[in-house]
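Heads up: the structure comes next, in C-alpha cells.
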Amino acid sequence: MSAVAVDTVLSVRDVTVSVLRGDVRYTAVDAVSFDVPAGRALGLVGESGSGKSLTLRALMSLLPPAARLEAGSVHLAGDELPRGVKQVRRALRGRMAMIFQDPLSALDPVQAVGNQIAEVPRRVHGRSRRQSWERAVELLRLVGIPDAPRRAHAYPHELSGGMRQRVVIAIALATEPSVLLCDEPTTALDVTVQAQVLELLDDLRSRLQLAIVFVSHDLAVIRQLCEDVCVMYTGRLVETGRTIEVLERPLHPYTLGLLDAIIDLDDPVGAPQPIPGALPELERLPGGCTFHPRCFLATEECTTTVPELSPARGAAPDRASACIHRDRLISP
Amino acid sequence: MSGPDERTLSRRELVKVGAAGAASVSVLSIPGLGRAASLGRLGAAREDVTRGGTLKFARSIAPTTLDPANTIIAGDIYTLDKIFEPLYITTVAGKLKPWLATGYTVSKDQKTFTFHLRPGVKFSNGKPLTAEDVVFSINRAAKDKQGPLSFLDFAITSLEAKGKSKVVAHLSSPWAPFISDISVFANAIMPANFGGKSQTEFFKNPVGTGPFTVKGFKPNASSLTLKRNPHYWQAGKPYINAVDFLFVDNDNQRLLQLRGGQVQAIDLVPPSQVASLKKDSKLHVGLYPSWQVDLLVLNEKLAKFADRNVRRAITHAIDRNALVHAASFGTAKPGGSFFPPSLQYYSAKTPTLAYSVSAAKASLAQSKFPKGFSTELLIDGGVQKWQTFAQIIQQQLKVIGINVTLRPLDHASFEQAFQKFDYEMFIDYAINDITDADEMASFEVDFQNGGSSSYWSSYDNPTAINLVRQAEAEFNPAKRKALYAQIQSIVAQDAPFVPLDYPPYIYAMSKKLQGFNVNPGGAYRLEGVWLT
Amino acid sequence: MTSVDVTAAIDAAPVPTPTFWRRAQASRSLMIGVTIVGLIVLAAILAPVISPYSPDQQDLYHILGGISSKHLLGTDDLGRDELSRLIYGARTDILVGVLAIVFPFCFGTMMGTIAGYYGGRIDSVIMRVVDVVIAFPFYVLVIALVFVVGPGIRGIFVAFAVADWVVYARAIRSATLVVRESNYVAAAQAGGLSDARILRRHVLPNTIAQAIVYAMSDIVLVIVAVVTLGYLGLGVQPPTADWGSMISAGQDYLTTNWMLSTLPGIAVVITGLGLSLIGDGLADVLRPE
Amino acid sequence: MLRYTARRLAAAFFVAFGVTVATFLLLHLAPGDPARVVLGERASPQALAALRHQWGLDSSLGSQFTRYLDGLAHGNLGTSFINKTSTSSLIRDRIGVSAALVALATVFAVIITVPLASFAAVRKDRAADHIVRALSVAGIGFPAFWFGIVLIEVFALRVHAFPVGGWGSSTETHLRSLVLPALTAAFAIVPILVRSLRVGMIEVFNADFVATLRSKGLGERRVLAHVMRNALIPTLTLLGINVAYLIGSTVVIERVFDLNGLGSLLLTAISQRDFPVVQSVTLVLAIGVVIVNFLTDVIAAELDPRIRLE
C-alpha cells in the first residue's frame, strides 16, 4: 500500500470488524483500507449487508453492541486515532461527523431541531446559549433551509424528509468537521429531493473543503458526487478507482453485475440482467473468492484462492481489483 | 311479696356484701372515720413502679359512644370505664368493692339504701363529686328506658341527695342484686346536668372521676388517646401519662402489631395463637377467668327456630367438645348450661343436651322440618374464632340436613343486624358484667324486662321468666341457687341458644407492661399499670 | 440518467435474523406453559379421583397437623386435608377463572369488531362506554359489583362480565382497524359480500388471535382477582375450597404452620406463570413475521 | 398544546360524567331495598316509606339523578347510613392516606421499573434480560396482598425496620408506615411496567438519533439525558394506563396493612351495606383515575410534541 499522501485527511488501514451471531464471531469487514483527500468524495458501494455501513460506524466508534473492531488503524490529518470508544469520540470532536440514512429516526423526536444543532456549540464548544442558537440558525441557512429562524423551533416530525436530512447535515456541520461520513443519506428520499441533497453535499464539499465518504448502493448517486469509488462485497473491497473509470470499465465481475442490473436509459434495448443468486449470509461465506458461486468467470481456482486487491495491468495507475481473472475483463 | 325476717335478711345481705366486697369494714364505718383507711388502701401509689410513658393498646372494636347508659358494646364499655366510675366496682377476684362510695347502710325493709360518698373525689375538671351528681347519673341510667341495661335499675323508684355526701335510693321492692347492679358501668357517675353542657357536647369532651380523660371524641375513629386525669382521687395514679387505643378489627393485624413492637397490648387474642405467643420471650399472654359464654343464638321469630325440636336437634348436633378442642386450643371449656361455671349460682347438674347425631336426627324427625332446611349464620367476620366456629357448625349441621351459608359482617353491622332481628342464627358472646348472676338470667331469659328480648332470640317462656323474677326478690342464697338451677334446667331443655363454650379473656402484652389485670366481667383498669 | 436502486433488481438480500432461535424459544415457553397448566387442569379435573380426602371433611381432633403419611401436606385449622383442599382449590379457581372470561371475551370481541369495522358513530359510542368502564379502577369496580350482586361466585361472574370486556373490545378494535384497510377486505366488499360474512370469514379470523393471546394473561388476572376477593371474604364462600380463602385463613398460622398460607400462594403463582408462558408463547408464534 | 389540552380536558369531562352516571346507577342496580337494609326486617311500612322519601327513593330515576348531580355540584356526596355523617367528610378524612399511598407506590414503581427495564434493554437477549423477563412473567400471577404478607413477615417482624401496619401519628411515622404498603402496591404493576418499558427502551436505544448524538461529539451523560427523556414518555403513558389498576390494588393493600384510607372505607362500607359511602368512594376513586389520566396525557404531550397531533 502506498504511503499516506500529504493532502490526505482520512486514511483507513486494514479496518476489520467482527459480528457476534449466536455464540460465534464472524468477520463482517475484512481489512478495508482507503484514503480520502480534503475536498474529495469517496463512494463506498455495495449491496445491503456488504459491510459498508459497518465500516463507517467503525470509523466513528458507533458499532452496534454485537459488533467489534478487531484490527486496523485510522489516521485523521496524519494523527492516528486512539483505541477505546471514549478516546476515539473525544479525538473525533470537530474533525469527523456522520449523517444517516433515515433522517427522521436520526433526530431526537422530542427536541426542536434548533436545539439539536445548538447543542453542539453549547456543549462541545462551550459557547453561550445565544451564540449557539445563532450558530444553529446560521447552519440551517447554510444547508439551504428557507426561513431558518422560524424553522429552528420546529420538531423533526413537522419537517419534510429533505428538510430533515438538511437538519442532520447541519448538525454534522456544527461540529466543524474536516471529514463527513454519509451513510446512504439519500436512500429514504424522493428522487428530486435526493438530487437537491446531493447538490448541497457537493457544494459543501467544495466550499468547506470537506473530505466525504459516501456510502450507497446506488451507482448513479455515487457517479454524481464521488470522484473515487470503492466497491465492497461481503466485507471486502473488491474494486477501487476513479468513479468514471470504474463505471466505464469495471475490472471485477461483481461491479459488472451491478452495472448490468441497472436499466441503462442510454441503451433501452439491453434489458437489465440481475446477478444470479443472493448475497451469502455471514455464517455461510463460501471459501476462496466469496463471489464465485454467482460469478460467470468462476473457475476451480476461484473456489480456493482468496484474491488480493491489486493494481490491474493496462489500466489507470490507481485502479485495483480483487479478481484473479481481472485481465480478462480488460477489453476494449 | 312476703318478706322473710327482716333482721336475718339484713344480716345476710351484709354478710353477702361483706363476703363479696374487700371493704366490709368500710361498709359500716362512718365516712369520716373510714376516710384515712379507705383512701390509704385504695389510693396507695406504689413507689417501686416506673412512671410516665404512653401505653399503646390495640383493640378490636372502636367505640361508637362514651355514654355509659346507652351501650352494651365492649368497644364502648372498656373505653368509657376509664373515664367514668360507679359507686362500686367488681375486683379482679370477682368481688364487689366500694369505689366512689365508701359504703352504704340499708333500712330494715331492704327498700332504702343510703350510700356514703368517698370524700376528696374530684372530677377531671377539678370540681368535687357531690351527691347531686350521683342522683343525676343513676337517675339517667335508670329512667332512660332506651338504655339496654336500664333493666338492672328496674327496682329503683327514686333517688335523693342528702347533703353533699349521701345518696338515698328508694326501691319498689326488696332487690337482691341491688349493689351488684349499682356497680355496672351504666351506673357510672358524671357531673349533674352534664356540668351545664348539652349531652352531645358532653360526650365529645366527657368529664368523669376516672383515671383518664378524653378530648374531642369521634365515633368509629381509628385511634383514641386517653390522657392522665391530674385530679384523679387515687393520689399518684395513674402511673402512665396516656393510653393510645388503636382500633384494629383484624385479629391477625393486631397480633402482628404486637409482635412488631408497635403496641404493648392487644385484646381478643385468637386462642389458636396462644401457644405460639407464649414462646415469644418478649411477650406475656394473659388468660383471665371470665363470666362469659359463647352462644349460637336461634331466631325464634322464624318458624323453623320457633320449633323446639329443631332447636334441640341443633344443640344435639353440635359437638362442643370437638369445637373447643379445635377452636379454643385448650383455653376454654365446652358449653353446657347458659351460665358459665365460674358464675354465681351455676348448676353443674343442669341436664344439658349432649352431642349425639342420632339424637339430633331424632329430634329433627319429630319437628315440622324433618328433612332439614337451609339457613344463614351471621357472624362478626373480623374475629377469627367466630369464623372457625361458624365453619365447624356449618359442617356439623350439614350432617343432619341443615345447610348453612355464612354471612360475615363487620362488627358494627353485625351488632345492628341481630339487634334488628335481621338474622336467622348468629354467634356472639354474653358476659355477666357484674357479680350477681341476675344480669345474665334477665338478659337471656326475661323476654320482657331483660332488655334484649332474650338475647334477641325472642325466647319467651313464662315459667322461666317467673323464676327469674322470684330469684331477684329472694335473699336466701340457697333458695336463689335452687331457683337458678331450675332456670338453667328449663333453658337447657328449651335450647333457645346453644352455649358453645366458656372461654377466658385472652390478652397478650409486652413484658414491659406491668400490673395489667382483667376482672371476670371483662373490665380492666389502667390506673395501676406501668411500663418498665 | 442511469438509475436506480441495485437492490431492487438483485434478489432481496436476506436479513439474517435469528429466526430459529426465537421460534425455539417461543415454542419452549409455550411448551413449559402448556405442561404446567395441563398438569394443574388435569389435577383439577381428576380432583375427586386423586384427592385423598373430601376437601370439606373436618377432623377437629387433628387440626394443624404437620406432614404425615396420612396427610401429605398436613391439615388446616379445621383438620381438613391440605392437599385435597389445594386440588379442589385448583378446581374452583381455574373453573371460575375460565368461566369468568367467557362473556368478556365474546362480548368484548363482538363490540371491538363492530366498533372497528363500522367506525363512525357506532365506534365512538362503544369506545366512550369503554373509556368510562376503564376509568374505574379494576378492583374497585369488581368489589363494588360484588357488593351489588352479593359475594360468591355469581358476584364474581357479574363483576367480570361488566369490568373485563372493555380490554378485549379495545384490542380487537385496533386489530380490526388494520384488517379493514387491507386489500382482501376491500375485495370482499367490492364483491358484494354481506358484512356479516366479511366479518366472519375475513375479519375475525385475522383478529381473534390477539384476543386469544390476551385471554391467557386475562385468566391469570382473573384468578388473582378471585383469590384476592377470597382474601377479602367477598369471593368464593366457605366451605368451598379456594386458594384465596386458604391464603387468608392460613395467614393466622404463618409463624406456626407457614405452609397453610404459602402453598396456595405458590399454587397461584405457578398457575399464573404457566398461563403467562402460554400467552407469551402464543403471541410469539402467532405474531406475523 | 393549548388545543390539545382543551381536547383532553373535554374528553376527561365526558368520561367523568359517564363515571358519575355509572356510579349513580350502581345504587339502583343493587337488589334489596336500602331502606329495609338500614331499618331492619321489623321496620314498619310507615318508617320505610319515610326513609325512602327522605332519601328520595320514591321519586323517578330522572329526578333522583338530577338531585344527585345537584348535590355533587355542591360538594354533597350524600350521608352515610351507618355513621350518619356526610360521606364527603368521611372521604376527606381518609383521602390523604390513599393519595399518599398511591403517590409513593408510583414513585417506587418508577424507581424499580426504570433500572430493571433499562438493564434488561441494554443487555437484550443476555442472561440478565432473560431473568428480568422471567421475573416479570411470574410476577403477573402473584397476588399483591400475598406479597404484602411476606413483606410484613420479613421487614416488620423479623427485621423491625417498618411497622406491620397502621398509620402512625407523625409525618415521619406516616412515611414509615407507608413504605411496605407502597412497595406492595408498586409490586402490583411493576411486572407489567417492566415488560412494556423494556420494549420501549430497546426501541430508543436502537434509534439512530442516539448515534447522531454520539457523532455530534456529546458526552455519554448528555446522550443518556436524551435517551431518558425519550424513554420517559412511554413510561409516563404506561403509568397513566396502569394507575387505575394501582389504585384498585391499594384497596386490598390498605386492608393488609390496616391503613385507614379510601380502600378500607370502601370495604367497610361494603360489609355494612352503606350504599352512599360505597357510591361516593367508587366515584371519587374513578374520578381520581380520570384526573391522573388527564395529567399524564398532558405531561406526555408536553414532553413529546408528536402526541399533540393525534
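First chain written, first letter: the chains are A, B, C and D, and each begins at residue 1.
Keep this in mind: a residue touches a chain if its C-beta (ideal position, glycine included) is under 8 Å from a C-beta of that chain, and two chains touch if they have at least 3 such contacts.
Everything quoted here is computed from the prediction, not taken from an experiment.
Asks: Determine which of the two chain pairs, A-D or C-D, is joined by the larger number of C-beta pairs in contact.
Replies: If we tally the C-beta pairs in contact for A-D and C-D, the bigger total goes to C-D.
Asks: Need the central chain here, defined by C-alpha centroid distance to the all-chain C-alpha centroid.
Replies: D
Asks: Counting only C-alpha atoms to place each centre, which chain is farthest from chain D?
Replies: A
Asks: For chain A versus chain B, what separation do you get between their C-alpha means, in angstrom?
Replies: 94
Asks: Can you give the whole-Å distance between the Cα centres of chain A and chain D?
Replies: Between these chains, centre-to-centre, one finds 52 Å.
Asks: Which integer distance in Å separates the CA centroid of chain C from that of chain D?
Replies: Distance between chain centres, rounded to whole Å: 22 Å.
Asks: At least two partner chains per residue is the criterion; list those residues in chain D.
Replies: 255, 271, 273
Asks: What are the residues of chain B that contact at least two other chains?
Replies: Counting only residues that touch two or more other chains, chain B contributes 381, 408.
Asks: Would you mind writing out the residues of chain B in touch with chain D in their complex?
Replies: 219-220, 222-223, 244, 246, 248, 250, 253, 256-257, 259-262, 381, 408-410, 412-413, 416-417, 420-422
Asks: Touching residues of chain C toward chain B in the complex: what are they?
Replies: Where chain C meets chain B, its residues are 56, 58, 60-61, 63-64, 77-79, 233, 237-239, 249, 251-253, 255-256.
Asks: Which residues of chain D touch chain A in their complex?
Replies: For this pair, the touching residues of chain D are 207-209, 211-220, 222, 226, 229-230, 233, 303-306, 309.
Asks: Going by the contact rule at the top, pick out the chain B residues touching chain C in the complex.
Replies: The contact residues of chain B facing chain C are 251-252, 270, 272-273, 275-276, 319, 322-323, 325-326, 381, 384, 387-388, 390-392, 394-395, 405-406, 408.
Asks: What residues on chain D touch chain C, complex-wise?
Replies: Against chain C, chain D makes touches at 11, 14-16, 18-19, 21-22, 26, 29-31, 137-138, 140-146, 149, 153, 244-249, 251-252, 255, 266-267, 270-271, 273, 278, 281-282, 285-286, 289-290, 293.
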